[in-house]
Amino acid sequence: MTWIQDHLGLIGSLAVRHAVLAGIPLLLGLVVSLPLGWLAHRYRRLAPVALAGTGLLYTIPSLALFILMPLLLGTKILNPINVVAAMTIYTIALLVRTVVDGLDSVPKDVDAAALAMGLTGLRRLLGVQLPLAIPVIAAGLRVAAVSNVSIVSVASIIGVSQLGDLLVDGYNRDIPGALWAGIIGCLALALLFDIVIQVVARLLTPWRASTKPAAAGAPA
Amino acid sequence: MIRFDAVTKTYPGGTTAVDGLTLEAPTGQITVLVGPSGCGKTTSLRMVNRMIEPTSGTISIDGRDTASMDPATLRRGIGYVIQHGGLFPHHTIERNIATVPLLLGTDKSTAYARARELLERVGLPQSLAKRYPAQLSGGQQQRVGVARALAADPPVMLMDEPFSAVDPVVRTQLQAEFLRLQRDLGKTILFVTHDIDEAITLGDQVAVLRVGGHLAQMASPSELLAHPADDFVADFVGRDRGYRALSFVDGVLPALAEPTVAVGDSAELARERAIDGWVLVTDDERPLGWYAVGSPGDQVTAERLALGGTLARQGGTLRAALDSALSAPSGRGVVVTDEGKLAGTLTAAAVIEVIEQQRTGRDRAPAVQDDPSAEPRIQHSPGGESP
Amino acid sequence: MITSIWAWLRDPAHWSGADGIPTRLAEHLGYTAIVMVLAAAIALPLGLYVGHSGRARWLITAANAARAVPTLGLLFALSLWLGPKLSGDLAFSAPSIIVLVLLAIPPLLAGAYAGVEAVDPAARDAAKGMGMQPAQVLRSVELPVALPLLLSGVRAALLQVIATATIAAYVGLGGLGRYLIDGLATGDYAATAGGALLVAGLALAADLLLAALTRAVVSPGLTGKYRGADGVDIPGRTDVAFER
C-alpha cells in the first residue's frame, strides 16, 4: 500500500491517459454507430451485412489490432492514435447492434403515432425514435465502456502508456503494489464510466425517473 | 372416466388450491372446469396427469388410481393441450405432432404419416408438415397443439385454456371444429377455461369452481343456465343467461316444408309456388337464395337471386335459428340438415314459440346429455353462410 | 513495410523448427482446446443448471461483474503469485491456462444460462406433460432450444481465449503470441506484424468455423430465418458480450 501512496501522482496521470484512450473511442464509436445502426434499422436488408461486418472486426484480438493499426493508418507503432482507432473499431462493432436493437425497441404504436402526426425523417428520428431508444443504447454503451477500459490496458505491451503500465511494471519488477494499483485503477475507472453513462442516460430520459434502470445487456 | 375423490391440494405456504373436490368426467364426453382465477381449475387438471401431486384424495382413470402409475407412462397415455400451444420451436410441425408416438417407440415413418393425417384432421393442409412453429399463425399453432395431443390416440385428453390465446373469430372457429372432431372421436375430455361462454358452448357438463377450490355446481350447460345452484354460480354465469340459453334447443327445430324452384324454371312456376311473394331456389336440395315474384325476365336466373340470410342447422342453436329468420328477405329462416340440404323454413315467431316452450318445460334433462354423437349439437356458422 | 511482412511470412525458415509457424500455431490451438474443454466442463453444466432451475442466479451476476477485472492484470497477478510455486514449463503455462479458463467461464456460463432460460415455459410444460423424463426434456427440448445462445457463448469464449492466449506470451506461454511479444522486444516489426496477421487470421477462421457449426446444428425453426406470426427477427446470432 505504501507503493500506492508514494506514487499517487503517477497513478493519477496514467488514469487520465487511460480515461482518454478508453473514453474518446466511446464517443467516436457512438457518433459512427448511430447513423450506421439507423441505416440497418431502416433498411432491413442492410442489417445482416452491417452486423456481420462489424462482428468480424470484433473478432480480431486486441494486441494484433494494435500492432496492425500502423499498417492501415501509416502511423508509428508508439502513436496513441493506433489505440484510439482500434478501440473505436471495437466500440462500433458493439454499438451498431445495440443501436439497431434500441431503435427496434421503440413501440410500434408510438412510432406510428409520430408518423401520423406528420413527423418525418430526421425529426421523427431525433424527436421520438432516438430518445425512446436511449435506455437500450445506454445499456450497450455500458458494456462497451467496461470492455474498453479493460482492453486499453493491453496497449502497454506496445508501449502506449496508461494504467496498464502499472500492471506491466508490477509484473516485470515484481512490485505487487503497482500491480494492485493497476487492477484497482482499472476497476475504478470502469465503475466511473458505468456511473457516468447511467447518470447521463437518466438525465436524458426524465420520464423513466421512477423506474428501474435498464438491465438489458448491461454488466451487472 | 376420470374420477376425483375428495381431492385436496394445499401448497407449502398454506394456500389451498383445491379443496375436497369430488367429480366425475364421464367417458366420451367433454367436462369443463370453469371459474374465476384462483379457483384451482388448472391445478385440478394438472393433478390428473400428475404434473402436480394431490395433497390428499385420489384421482382415478377408468378405475385405476393414477398415484399407482409411473408418471411418464401415465402422461404418455393422456393427450395434453395447453394455452400457448407449447410447440417445440426447433422441431418441424410433423416432428412436433409425432412426439408421443416416437416416445412410445413407434417408428419414424409411421409416426410421420400419422402426423400428416392428423394435420388434415384438425383442418390444416399437409403442406405445413415440414414448416416450423414460428412460421404458423397463433390459430394454426393451436390446431397443431390439438393434433399433437391426439397423435397417440389417447382415450383421455386434458385441455388447459387451449383457445384462450387466439382472437375471438379464430376462437369461435376452433371451438366449432373441436366439437366436430370430438363428435367423431368421442374422447374423454377434461377442459379448463375461465370463459363461461366457452364452457357452455363446449361442455357436455360444466363444473363451476369457486375461489379456494370448492365445487360450486356440476351440471349440464342448460341446467346451469336455468337453475344456478347459488348466487355465486348465478353471478358467474351472468345476467344475460337468458340470452345464453338460446345456445340450446331441445330436440329438432320445427321447420315447415318449403316449396322450391330450380335455376332455369319459368317465372310462372315461381309465381305459383311462392309464399308471400318469395320462393326459395335450390340446387340438388341445397338452398341457393330467394327469388322475388315479379322480378324482370321470364326465367329464374342465378343473377336474380336475393342473397343474404344465414342458414340455421337443424340441430343448431335457437340463436342461429332466430338470426336466420330475421335475416331472410322472405322472413322465413332456412333450416338445413348437417349435410347442408334443405330441411324446411321457420319464422321468427315460430322460434320465439320454441323459446317460450323451453322456458316453461325445462325440468327434464336436456337431450344433449347422454350421447353427444347421436344428438345434433351447436353449430356455429363462421362468417355466416349465405344461401 | 508490407513487403517485409510478406517476406517474413514467406521465409521457409519461419515454417519449420521449434519456433516455426506450424509449431506455434499447433501450440496456440492446443492451449485453446485444453482451455475450452476445461472451461466448458465447468461452465456449461453450471449454466444449464442455473437456467433450468432458476437457482443460484447470483453466479451469473458475479461472473458478469468479474469481467470488469482487466485481463492483463489477472494474467500478471496470477503468474506472479503462482509462478514461483511451480517448476519447469508448468511455471509458465499453468498460470496462463488457469487465467484463460477463468476468462472463458463467464461467457460460457452466460450463454448456457440465457439459452435455457429462453426456453418457452409452455414448451417445457408440454414436454413434461407428454411424458418425457427430466433427462429427455433436457436433451430433446431444453438443450436444442438453448443451442443458439449457448453457441454464441462458446464463440465469445473461444475468441477471448485466442486473443488472451496471444497476450499470455508475455508471461512465457508459447503459441503465435510469441512472434508479437518477441518481435516487440527486439524491434522486429515484420515479425510482430506477421504474427499479428496470423493471430487475426486464426481468430477469423475460428469465428467462421463456429458460425458454420452453428448453422449446421441449430434448427432452422430457431434462427429467426423465418418470420414469426408477429415480430420480426433480425437474422443472425444473438451475441454474448465478451472482451478481446
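So that you can tell them apart, the chains are marked A, B and C in the order they are listed, and the count of residues begins at 1 in each.
Just so it is clear, a residue touches a chain if its C-beta (ideal position, glycine included) is under 8 Å from a C-beta of that chain, and two chains touch if they have at least 3 such contacts.
Here the structure is a predicted model, which means the values were calculated and not measured.
Using the contact threshold fixed earlier, the set of chains in contact with both chain A and chain C is empty. Chain centre most remote from that of chain C: B (centre = mean of CA atoms).
The innermost chain, defined by the distance from its C-alpha mean to the mean of all protein C-alpha atoms, is C.
If you average the Cα atoms of chain A and of chain C, the two centres end up 21 Å apart.
Between chain B and chain C the centroid-to-centroid distance comes to 54 Å (mean Cα coordinates, whole Å).
Once the centre of each chain is set as its mean CA position, chain A and chain B turn out to be 58 Å apart. Residue positions of chain C in touch with at least two other chains are not found.
Chain C contributes residues 120, 122-133, 136, 141, 144-145, 147, 218-222, 224, 226-229 to its touches with chain B in the complex.
Residues of chain C that touch chain A in their complex: 1-2, 5, 60-61, 64-65, 67-74, 76-77, 79-80, 159, 162-164, 166-167, 170-171, 177, 180-181, 184, 189, 192-193, 195-197, 199-200, 203-204, 206-207, 232, 234-237, 239, 241, 243-244. Note for the complex: chain B touches chain C at residues 49, 51, 71-77, 80, 82-92, 99-100, 103, 132-138, 141, 145, 148, 158. Within the complex formed with chain C, the chain A residues making contact are 44, 47-48, 51-52, 55-56, 58-65, 67-68, 71, 77, 90, 94, 97, 100, 104, 143, 146-147, 149-151, 153-154, 156-159, 164, 167-168, 170-171, 174, 176, 179, 182-183, 186-187, 190-191, 217, 219-220.
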